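What follows is a single structure, and I will ask about it in a moment.
Note that the chains are named A, B, C and D in the order they appear, and that numbering of residues resets to 1 at the start of each chain.
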Amino acid sequence: MDQIFTAAFLVPLFAAGVRMGAPLVFGSVGDVLSEKTGVMNIALEGEMLIAALLSFMAAYSSGSLLAGVLVGGFAGLVSALVIAFWGISRRQDQSVVGIMFNIFALGFTNFLYRATFGVRTDRAGVEILATIKIPVLSDIPYIGEIFFQHNILVYLAFIGAVAVWFVMKYTKFGLQVTAAGENPKAAAAAGVNVVRLRYTGYMFSGFMAGIGGAFLSLGNVGTFTENMTSGRGFICLAITILSRWNPLFAVIAAFLFGTVEALQLRLQAMGADLPYQFFVALPYIVTLISLVIFGRNIRAPKDLGNVYNKESR
Amino acid sequence: MKQTPLLELKGITKTFGDFTANDSINLKVYRGEVHAVLGENGAGKSTLMNIIYGIYKPDRGDILLSGQSVKIQSPRDALRHGIGMVHQHFMLVGMYSAIENVCLMGEDSALSLTNKKKTEEKLNELKKRYGIEVDLHSPVEQLSIGMQQKVEILKLLYTGADVLIFDEPTAVLPPQECDALFDVIKNLVRQDKGVIFISHKLEEVLYISNYITVLTKGRITGQIHTEEADKETIVRMMVGEDVLPPDFAARRAVGTPGPVVLEGEGLYARDDRHVYTLQGVDIQIHAGEIVGVAGVEGNGQVELAEVLAGVRKARKGGRVKIDGQEVSTKNARAFIDNNIAYVPADRNYVGSVPDFPLYENWILRNNHPPMKGPFLDYGEIRREAENAMKSYDVRARGVEERSANLSGGNLQKFILARALEKHPKALICEYPTRGLDIKATWFVRDRILRAREAGMGVLMISGDFEELFSLADRILVLYGGKIVGEVRPETTTVRKVGMMMMGVNGHESD
Amino acid sequence: MKAIDSMRSGALLRRVGIVLLSVLAALALGAVFLIILDVNPFTAYYYLLVRPFSSLNSIGEMTIKMVPILIVGIGVSFTFQTKLSNLGGEGQICLGAIGMTLVGTSSFAQAVGGWYIPVGMLVAALFGACWAGIAGFFKTRFKASEIITTLLLNYIAVQLLSWCVYYPLRDTAGNIPQSAPVAATLPRLIDGNRMNLGLVIALVCVLVYWVVMKRTKFGYRLRVLGGSIKAATFGGISKKKYYLIVMLISGAFAGLAGSIELAGTQTRLLEGLAGSYGFDGVVASLLGMMNPLGVLLSSVLLGALSIGAETMQVRTGVSSLFLNVLEALIVLFILLGFSFFGSGSRRKSKKEKEGE
Amino acid sequence: MKKVKHVLCLLLCVCLSAMLAACGGDGDAAETNADGVRTEVSRIAILLPGYITDQSWNQGAYEGLKSLEEQGYDIAYTEDVQAADMESTFRSYCSEGYDFVIGHGVQYGDACVRVAQDYPDVYFFITGNPPAGDNLPGNIAFYDYKEYEGAFVCGALAALQSESGIIGYIGGGDNSTQASDKNAFIEGAKYADPDVDVRTVITGTFNDSSMGRETALAMIEQGVDVILQTCDETGLGAFEACEEQGVYCIGYTSDQSSLVEGDLCLTSLLVKVPEMITSQLDIIASGEFGGLENPGLKEGVIALAPFSSAVSEEVQNQVNEIAQQIMDGEIVITPNYNSQG
């Protein structure tokens, strides 16, 4: 397939990989921080879905995409707050609560969408976020097209990832985050408020997932469709592991996943002679295999998933 | 010297449900003074310290700092008020260096950039002032226990703590490091800090402190200036009566030991972090002898015990033989079938399943529990457990009791009963009396001696010199994963063994 | 699962109260949603909760839904006992259904008729076990989180099933992407009622689970592993071995559920066959707290809710997706209820611990 | 045993809450029944494979149903009915007294046949071809409309309209209708222009609009300049991409020109779902219900929406002629239900 190794094929492929990876970057970068504090955000899927709807509703009623994105982030944050109440304050099993929240979100968005928009023949839609070409950078051959001709949220995803990486590596907050996930008792003894820190991490993760959800509805299609996250939240969890809890690696892993997804669409269109089911399953197979290959000997935060109880001995 | 106390507790009471852990505790700590709090495990010392440190909230009572009443809601508050605590289990993040661990602390805003240079300078200054020598750059999990303790102390000094609480600081240290610790503490009080020193060891309390408070079952049963105190008074304060410890050393075996029952050749093993902590050990345990193993924690003694008990793989071709027959260390069940009994250090999560009732814990580490056809015969299991609990004086509401609800002493007796009930060939025990009260300790030691008298080979890992010297027939000293010396307790001294544990004077056995 | 531990303790009356209040609170909150939709909540709840039990026929329908949930729930309970989470029920059901189809449409099945069913079930269980075994193998060999791998395997299994009905297993007669019908269906228990032999098999599964967990060395070992991994090592119980075995077992159960859904209800392989049984099984196991009878009752509840939701949609127009909201609320409120009021045991234990 | 007690309390709670709910219940509505051959139905229900908000296949059915409601019929619908729930949903409608139950899609055939035998008084209707087998009950009607005829014409239109000579088809991938559409689209395109290059992608989902958008973008990169989508909500995303890139597209099921800006939506492949459903009522009235029908372009069940201004007069004529030829039987299309080529 010499068609594949041409700039005309590869450049748009990688550009699409960036585009499709961006919502995953939001989800997984947030989750990286949250998992570093010791809480796994299994509810990403549900948070994204609720945010996708609410951001669309806000953008639709206000006419402002910015308002939509902000509401999306806020919706994710509030969802996370609710889950955190169960998972951190009430010390319930985080994965059980997360799974239940995902189930809840599917029904809730259906309910809310219908209650708000009813069933209409015309389509409730908004303009999607415009593509912004970064001056100068977007003119670089190949690179410009791949990285610098996207909507604002794609850039924000990258900036967000770098910012989280910087904060985790160079600030006291970053040290505290890792300490809370490694040894919460030691962190507490050092004066860190572990519960508050875990809330912060989790809600940040919810906020990011919310922006990721807004990306789906406002960045891609300008409307909400039922269950539009289609499992992306779970992929984000896999990416978090692949990234070894490093936000920059999370960007790379998300990009990898997006590219495989983009690739399968292109291979199909080019008439590759395989059943389509194989292509549809391909990104998941790749993720599974990379988990096995790159996921070996990784060191997860020691206290990940454990309930922190201040007064326990 | 009677100025305002630096720290004063007034009527501190803390209950957990119906259980009173601290009952109206009054206590004063002055600058330049070491105030020892003495008591057995479960006497409420840790609860009290956790209250001072803001981890628990007291039900009643006041905490006064330099005469001012303060509310301490969290460790953060405590640090802000100048109270620091060196925990028994160090509160350090293992993957961080000393500098990073220190950076975690402090008042500056969370989003401020970490300034490692500045922190390092200040730490170096503190090191000089208090005479503490420690590596600031390696991840603390790679440092020795004594070093980690020093990092803890530095961390507190860095935040400007005036009151330093030491929670059983010597429990994990070899004797030489204890001396170094005492030097540090003396330096601290010389610089006008106040120190609370928690311990259950009489000698060191008498050595280091200026004032002693004795806690028993949550109440203060005695307060005395150290210069007025002697051992007998304090023991009386603790147990309320005169009790003499039995003389275990008198029961030392005489004559030649029996044949080798358990043997290890060229044993190498990795710990849970995949680090080789056991680096080639040959060991033979004869029937009818107690082999003591001494060493600073983390020098391979736990891994040695685990390999010999069959729960950790021997690597690099190391072999274990039981009665001369080689048994694969990959197969824990073979060890169980060959009747190698094991009493692990962690009673609550290794030696038992905390949520299981006692009768279910009775058949842990048992390949052939009583069966009725294909099913477990719980009737028989209960009977066995009940009988053993009677003969080992395990006090619990019954076999239905969850093992998590047992006190340390009772649980240890239960585990020992289970290990010895089948008359094993060899008994391997790790820190058998750690954290037990005096009477339970005596009971366990007596049973270990009886096991030897019944012809078992016993391997006993201990951090307690009194225990090693009074029970063991010979003591192996481990350092860096190797045996650096073998001594007979009658012919050596604690100090010599301590030197060997530090890697000094290896092989200089009497 | 700490959440569950806290539930196991406490007096009977107290727990009845907690569960009751939690369910009521969840229903009350759900009622708010219904009122917004302009639906009388009492009417809706009548169809949702009471109607499914109103006739033998609807009870029969309920069992059809309940059986796969129950069997998957039992399988998942095995993994929860060791504190592993098998969220791959959906994929394992798909694989089981494929296995059943392979046997059921073979010439062997044509020859022996209904007798192919036990063979088919065995093959289905084997297929399901292998699928879960992949996750189990990755867990034990590469330490890959079984939560993530089982979820990923679901997506792959759904495509695998789709491929099967499009290509190798497609019925040559007719133009629909589905397999040929199997040679015989599961016998029904009552004439004119859809209740079938699957119910008996499911109940046997419950019994097997109960006996294995409570009365055998194997079950004992699984529980030790779940109680404390280190205690398991101490007891000579190989973590890797039992993790793998337990994943295989739970996969086998899900595969069995797939085969019953296929031979009892669908009669041929088609897409979407696994429905939401995979996650419902997890919910049943959690709600029933891994107790055999509890899982059974939770499955009855979930089966009834799922039939009730259909009736509710028919009668009141409330989307059956509302069920998701209600199901989640019920579980979350029960967890919440126990976290607030179910901690009576801890205090007691402290006292006992110290007061020897 | 403690655990048993716990379980008992769970049971108790379920029962109590059920009873509580029952207190407020208003009891059953009267079950309907009528003996003899019925020529009239009053309560109509439909099982949908997707959501009624998809602007497409499902929404069309919903609109048909709504128009019946205005005529005084009692209607109900259930969305997203997957294989696991098909039969029980059919049964719950039957037992709730609905006398005309529709399965909206070929996949409902099997379950319907099983249910229909138990409810001979109820009329059933499947919008697709019947499952294999001889003994189909008489109370089911199948409606195997020739959607592929429309797809053929769309293929021709796309080929004629394309400047690059590359056109695309995006399918959801779930059923034989889709496969025959895809194959007829290719056939039609080749008929109009033997050199045309047709790119096809099956997304595997009908409700992931983001995926639809990316699929269309991927095609557009490869030079595709006319796209037909037949994948409901996923297709909405494809429209978004077409709009963004200024590429022509063809709508599906209903006239979707309003969903795309300007004149980019060339036409729509109309499947007159509402008419399909309403026409059955006339058939029931005539007493001739049942069996299989095969309507297509000729019968007007499949049609093209009005062309947009972007389609030249000439192309319009050519396309109309091809459509006419199909109606006249001059072009005979053999449906190919195999999704792979």
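By definition in this document, contacts are C-beta pairs under 8 Å (C-beta built on N, C-alpha and C of every residue); 3 or more make two chains touch, one makes a residue touch a chain.
Nothing here was measured: the structure is a model prediction, and the numbers come from that model.
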| item | value |
| --- | --- |
| Pair of chains joined by the greatest number of C-beta pairs in contact | C-D |
| Greatest separation from chain B - chain, by CA centre | D |
| Centre distance in Å when chain C and chain D are each reduced to the mean of their C-alpha atoms | 32 |
| Mean-CA-position distance for chain B and chain A (Å) | 45 |
| Chain B-chain D separation of Cα centroids, rounded to whole Å | 72 |
| Touching two or more other chains - residue numbers and ranges from chain C | 159, 162, 166-167, 319, 321 |
| Multi-chain contact residues (two or more partners), chain D | 80, 173, 204, 339-340 |
| Per-residue overlap in chain B, given as positions that touch at least 2 other chains | none |
| Interchain contacts (touch definition) - all pairs | A-B, A-C, A-D, B-C, C-D |
| Chain B to chain C touching residues, read off their complex | 16-19, 21, 42, 310-311, 332-333, 335-336, 342, 344, 346, 349-356, 360, 363-367, 369, 371, 374-376, 395, 397, 401-402, 404-407, 409-410 |
| Contacting residues of chain A [partner chain B, same complex] | 167, 170-176, 178-179, 182-183, 185-193, 310-311 |
| Contact set on chain C toward chain A in their complex | 1-4, 33, 36-37, 85, 87, 138, 142-145, 147-149, 151-153, 155-156, 159-160, 162-163, 166-167, 279, 282-283, 286, 319, 321-329, 331-332, 335-336, 339-340 |
| Partner chain D, residues of chain A touching it in the complex | 9, 12, 16, 19-20, 23, 113-114, 117, 119-123, 125, 128, 216, 220-223, 225-228, 230, 261-262, 265-266, 268-271, 275-277, 279-280 |
| Chain B - residues contacting chain A, complex | 53, 55-56, 74-76, 79-80, 85, 87, 89-96, 100-101, 103-106, 108-114, 155, 159 |
